[in-house]
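To keep things simple, chains are lettered A, B, C, D and E as they appear, and every chain counts its residues starting from 1.
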């Protein structure tokens, strides 16, 4: 149980990362690939937050002056993840707009068929 | 005159000519001739002004190195030789190039090549040597490509080999710098003295590849026939006369000025001695190209192959490291420059008047139409063969003499064989261009214009002058040899005064003049020849109607059939094969970029996995 | 508590696998949204309410909407040809 | 084949990652186990937690980190979103010119009215979230996203009532410039970019934390307008 | 002294202001990038003397370095930011008239932001901030590659984005591992602690960071996007991508490997990688028919050489690499810019269609020739000086391993010479294709001639007087090599 409590989040986040990577590697569909990137991004965010987590910690928010900072989880990864989430959604939006344009031009989203540029 | 002034004149001339070409064509031509002649003047004037006054650091800090120029006997000798041949070619170009396109480019590149070569010989350190070497290389490349068509291919061949050479040279030079912390030629000589023979050999190899490519020593020669035959004729003269001989300058500089005579002679053991191998390479370079030349029907290709072959003599002389041999090598360099330039100019003149024909099977009988060109050709091939009274005789004499006194009968035999081949092939050149029947279409051919005749006659004069009075250039060569630590030769104005190898051109000259007079006398005494028009020819007593003339085609056909299977340029074929294979590999390599994004991501992940795997397996960090 | 979190993680992984598996892109996107939602809840349990809010509104909400727009303007089904 | 190779490679990566956790202590949890968490040096997140309140007088340490300590990141991040919005518009620009405006089915009256009713409430909620970012969970991003979801609602429920692009552009520009201006005033006043130069007030009050609420409001507007712009562009409403 | 933070803040502000300005006037936005980059150039150059004395450490939010993000404007950073501003300025001038289609105003915004990203990457001292600016750079380049919305651009953009997104995901994992280990994000702080921890985890984080940054730096197996993106983007963007963006990636790798990790034992691996990249790039470029694709592959080759030189771990080696970054930036920008109008003129990107262009566009083709010669490394152009420095550094190490690699690498140079000189030959000595359409839109405006000409002049000038850049190279190399000094400057007050 203690193993689970220490590592379950790590297992979860790296599973997500690996599943995401696998999707990108194997699936030829552009939107599927973008889903893969999105999954990977979620996994990375989860990983970062987990890094800053302390067992039985409290959120890094003071609601009264008397609150003690000792048990608080690390706020920095959370700040980083906020940034990362926004960057992720930015990339995602751009990727999807590209996918729309690709579909306009090629009539397909199959990356194996979108090979005008090669060699 | 300081070397700096010479170089500034040279480079400024090249730039100004280009700009002048935008303004007016006469101004451009005038400036081109003026600056090339001015260079000859400047260099001639600076004769003898050697020593520390003329060692100039012109860039004190180029990436932490000093760039210096200097003038010494070796530099001066080569500089004047470069400048003269270039000036002659520029003068020759005036009418040869008239009406062609991009003349501003042509003249400025001509002068830039010239400037680059002058820079090479005047540079006092290897970095500026390399810089000027490269400037010369790329400007030459542009000039070779100037004629378009097959010239493009020739240019590519040239520049690729040249790049290989310069990469090797760069490695060699910088290895010297890494080893000794200086690139000053003067200081390197002392620094290198103590280093191991393996290192010296490495340096010689690295530099030797670069010089060998330029010099067209046998396995590295394949660019030369194409380039020489495809370049415009005045530039072919420069190319074959001087540019190729920059390799000679390089060899002299590295072998004798820097590494030093003693080290060179003791490099390697027994038969596998450095200068031994070099001389064998030289000998092979004499024989094979000369016989390939025999098979050529393109006048310029024929000359180009001779250019390679004659280079073998120079190597042969120079590699031995005896006073006589090196003197012969250097002397042969300038001699060869004079008559090969002459021959290229003659071919150029013929080409100019016949509308670009250089196929020997389609020419003939031009002797009366172009007498000056004929005379030039005659003198040129006399020099090439090495007939007495011409300078070629003297230098070849030196070289043979060296071979015999050093006891190398095989090498001497190969050199002789080379000379026979030369005689056969240049006779073909002379005959097929000027003797025999005149084809109908060349009836209207006129004499070469005066601006072509001047350089031709000038070179004829030089050939005879140095042939009769070899002391003039040999003095200068003596000066060079002094700086390299060779034992002095006993020179006279007429030749060599030392005991066994004495050579007195005065006597020979005298003998020849007498013989000539006797022959003339005999001919006068015999039946008077009756002059007939050239076209009026008879066979078996009846006149041959026009259109049924036998022109001299397929010279040496039986010989050709006999030897041609042995004389394929297998090296060239090998290079082509290798290039072909390499291109196949390149094409395969391109397939890495499949165009499928998933594959690219696969590469990324494999890279990551590889890094992790390496660490797991071998602990790379 | 830990059991609940483990359950969440497992649901998240299963949803991710489903997102990888579904041939209907719309289904895959919904699965993806589920992943985000689970992640958001996990963030909350990891004492990161800020991140949880951001993930819920951006990751689960907006992202899904954007995906659906894009699918709307291209095609809905993955072309099922054998990958090599 | 491809799957096999991919799985193999991912296995190696996974192995590598797995071995990462076998060694010394990792993360805040590890530091806490090793008993080093009280040292500021080990983990500077610690320092923010322990001193952040008095330094910035903002109850939400994350807000204080996002806007102040790591405000420069946030600037970059807002820029990224801006890039995405602009780039997306640029990429879809050509399409917009090609596309023929399609008449969408108007939504039913109930949905329409419901949306119009909900829209201001959603905006209000978003504004609340980003104004209170320094006190409670939430902030510029979350609030901005909520605002954007309001626009999404408008798009879904009230077809044909998109954003006015000029208005979006102005909002984007001005909020971004406001962020920069606040940061640059810090540079001018105290010699340090993003300096919290305003009086910080007392903690836990609405007007506390110095420039943090100001910047969060700017971020909120910027994120909201940019995400709104993205939705607007992607939804393909031809205008 | 001006604060280096203005190098980022001012262009950013101008970029934010463009949408409003664009509402006011259609013409104004075209000149904003010029103003922004001019400002950056002036500030960067004026900072250079200060940075040479000691790195300028700028804190944000008023807190001392480990507790807030800070910029470290060392010699290397300021040199690179000057280069970015210089090339950025020239390309911005070029872009005034070059950009004719698509969303022009948006192009200008993205253009500034891309350069801001690159400037941020070279100036920042915080590893997560490095990532953020990296994303600014990458995402704006994805958008710019595809901004015309044509089929090749969109395809290249999509592929670039996929790979870039994977790369940045990997970087983020690496940063997470680093943060978990050290609890800090300041590069100097990590560097100070890194020697105390020598574990597998550290290596894995390094591997993630190298792979992630390597995607943008176009190291061999990671560069599948590069030929597509560089060839499909508008020429002005290709110039920036090749001249600056990939260098920023390489800078990030160098910074991480040298300063943060001090990982000298993986340098031989990087050297091998560099040579492989060089060879692959040149080999692929050889057979290209598309001029921009050829230039893109040639960039890969040059990046390989830069990486190789960086991996030498000697002061001369790194200064050679930095010098090559400068010279390649100038030359490649010149080549792309020149080819941009050539492509407009002939309406085709085929090399064979560019035959005989020397007559029709004499200045452009002359400048192209200068750039090509410089890339090959022919004197007296700047490429020679930089390649020369690298070769000197390799031989200076005296290690057989590196010398062998160099010898292999020089083959790449020869291949490069072969294909570039073939193009130059085509320009001047091959007849123009018969059916070449005379596009009137290809008339080269003044705003294009100026940057191209200036780049050519710069290439020649620095080639003749390498001391102009040479003085900064030594300190720049030390900046990268000397970890303890870096840590002291940043941390020690």
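Heads up, the rule we're going with is that a residue touches a chain if its C-beta (ideal position, glycine included) is under 8 Å from a C-beta of that chain, and two chains touch if they have at least 3 such contacts.
Fair warning: this is a prediction, and the values are worked out from it, not measured in the lab.
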Winner on C-beta contact pairs when A-C is weighed against B-D: A-C
Centre-most chain, if every chain is reduced to its averaged C-alpha atoms: E
Distance between chain centroids, defined by C-alpha means - chain A, chain B (Å): 68
Chain B and chain C, separation of their C-alpha mean positions in angstrom: 75
Chain B and chain E: spacing of chain centres that average the CA atoms, whole Å: 43
Euclidean distance of C-alpha centroids - chain C vs chain E, Å: 37
Touching two or more other chains - residue numbers and ranges from chain C: 48-50, 54, 58, 62, 66, 69-70, 73, 83
Overlap residues in chain D, where contacts from two or more other chains coincide: 2-3, 6, 9-10, 13, 16-17, 19, 21, 26-28, 43-46, 48, 60, 62, 69-70, 73, 76-77, 80, 83-84, 87-88, 91-92, 94-95, 137, 139, 141, 227, 230, 234
Of all residues in chain E, the ones touching two or more other chains: 128, 132, 135, 139, 142-143, 146, 149-150, 154, 157-159, 162, 166, 180, 183, 185, 200, 204, 207, 227-228, 284
Chains that touch, pairwise: A-B, A-C, A-D, A-E, B-D, B-E, C-D, D-E
Chain E-facing residues of chain A, complex: 17, 20-21, 24, 30, 33-34, 37, 40-41, 44, 47-48, 51-52, 74, 76-77, 80, 83-84, 87, 90-91, 94-95, 98-99, 101-102, 105-106, 111, 114, 116-117, 119
In the complex, chain E residues that touch chain A: 128, 132, 135, 139, 142-143, 146, 149-152, 154-159, 161-162, 165-166, 168-169, 172-173, 175-176, 179-180, 183, 185, 227-228, 231-232, 284
Residue ranges of chain D touching chain C (in the complex, touch as defined): 1-3, 60, 62-63, 129, 137-139, 141-142, 145-146, 148-149, 152, 227, 230-231, 234-236
Residues of chain D that touch chain A when the two form their complex: 2-3, 6-7, 9-10, 13-14, 17, 21, 26-29, 32, 37-38, 43-46, 48-50, 52-53, 59-62, 64-66, 69-70, 73-74, 76-78, 80-81, 83-85, 87-88, 91-92, 94-95, 136-137, 139, 141, 203-204, 223, 227, 230, 233-234
Complex contacts: residues of chain E adjacent to chain B: 158-159, 162-163, 166-167, 170, 200, 203-204, 206-208, 210-211, 214-215, 219, 221-222, 224-225, 227-228, 263, 265-266, 269, 280, 283-284, 286-287, 373, 376, 378-380, 384-385, 388-389, 391-392, 394-396, 398, 403, 406-407, 410, 413-415, 417-418, 421-422, 425, 428-431, 465-467, 470
